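One structure is given below, represented as structure tokens, and several questions about it will come after.
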Amino acid sequence: MADVDTTIAELKMLVRQFVEERAWQPFHSPKNLAMGIAVEAAELMECFLWLDLPASYEAAREAKKREEIADEMADVFCYLLNLSNVIGIDLSEALRAKIVKNAVKYPAELYKGKYQV
Amino acid sequence: MADVDTTIAELKMLVRQFVEERAWQPFHSPKNLAMGIAVEAAELMECFLWLDLPASYEAAREAKKREEIADEMADVFCYLLNLSNVIGIDLSEALRAKIVKNAVKYPAELYKGKYQV
Amino acid sequence: MADVDTTIAELKMLVRQFVEERAWQPFHSPKNLAMGIAVEAAELMECFLWLDLPASYEAAREAKKREEIADEMADVFCYLLNLSNVIGIDLSEALRAKIVKNAVKYPAELYKGKYQV
Amino acid sequence: MADVDTTIAELKMLVRQFVEERAWQPFHSPKNLAMGIAVEAAELMECFLWLDLPASYEAAREAKKREEIADEMADVFCYLLNLSNVIGIDLSEALRAKIVKNAVKYPAELYKGKYQV
């Protein structure tokens, strides 16, 4: 598992280099990158479009579909890291802060097995 | 910058614990999580909806809006980590593999300053 | 059923008047309206986010949820009509043309009960 | 302009026939159709992804791009009509009701030339 010893900063650097080598920064306004994330999220969603919920677990195990899913997840992540680079957001900090807010909003004892709608 | 020494695996664990404390796993089929990513991506996009591209950089600097943007980015990231947990995807590996594919698809010398459509 | 005797042109006019009364045309570039459609589509999707497929039929029958769904569908439709106005697309013609293309792409005898992925 | 004398009900019927000829109803739960709308909305948005706002007007005039845009708009509309058929929503009524709500929420004199965020 590369996730065990890969930091967010390393992946941000990888994305930054890819963009700089192509001089794509002028295209990457925050608005465009937010759109890019949404476009890739829709492509990820399309992998599961006509499946019922149990079949979506199976799809994630089937080799060809699994690669497609991993690729689309990578695309979403790539644009997210790109946006973090452009506007200088610390993703780890943002995630931790949001989880604290969510823990207050959804106390474990109240929401056990139940879901917000 | 917490991103410098935070690994993907640490953040995955954080998300896993949050979900397990609430026993929310039955809701988190791959299909539902892909939808969740798309829903949060749309909320992120909404932060920039009526702005032109230069104004989207300014929005990211204005304190209140910046927190909103960071929160929505965290939501996208949270569902992405959650999906990685559920279907066992190594995000760092998936990102690196996708960047290699993209480097072949968009050679730096050909795409310098130009963009795919 | 108002749908029986309401034309697309009547609804386009309704949307056009609403926009003109507020002088909102400068905000409504094609790019922004396409984003608006995607944002509203995500809100519609959110009505069904944590439900399995059979439960999504039930949700559409429950009064409060049904109104929410109808409202989100109206929002998607409103931006779609707005975009049609701005760039001068005849929606009925566009739909008919696309259905002809789809009928060629998915011949009824080949796709009976089966789905494209 | 076919929009002048085409009713919503006619287009709903067109979509219904297309679906029935392929026996695709089992795939078309409200949840799946809402996802379908969001997927097509993202494809429409992709037509404008890297453009600035003025360039998005130009794109809509260029023949090849215009057809692509019209096709994606038709896809969004097609799923919206399909969902209306499945859950029995009168789209004209839903649109009129939503515009009345919006007129209350955004009084013309207060929002003239200004936009909600």
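First chain written, first letter: the chains are A, B, C and D, and each begins at residue 1.
The criterion applied here is as follows: a residue touches a chain if its C-beta (ideal position, glycine included) is under 8 Å from a C-beta of that chain, and two chains touch if they have at least 3 such contacts.
Nothing here was measured: the structure is a model prediction, and the numbers come from that model.
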Give the pair among B-D, B-C or A-B whose set of contact pairs overlaps with that of A-D by over half, matching residues by number.
-> B-C
For the chain pairs C-D and B-C, which is connected through the larger number of C-beta pairs in contact?
-> C-D
Centre to centre, by mean C-alpha position, how many angstrom separate chain B and chain C?
-> 27
So, what's the distance in Å between the C-alpha centres of chain D and chain C?
-> 3
Touching two or more other chains - residue numbers and ranges from chain C | 27, 32, 35, 38, 41-42, 45, 49-50, 52-53, 115
For the chain A and chain B complex, residues of the former touching the latter = 1-9, 11-12, 14-15, 18, 21-24, 26-27, 29-32, 34-35, 37-38, 41-42, 44-45, 47-48, 51-54, 56-57, 59-61, 66, 69-71, 73-78, 80-81, 83-84, 86-87, 89-99, 101-103, 106, 108, 111-113, 115
As the complex stands, chain C meets chain A at residues 35, 38, 42, 49-50, 52-53, 115, 117
Residue ranges of chain A in contact with chain D within the complex | 27, 32, 35-36, 38-39, 41-43, 45-46, 49-50
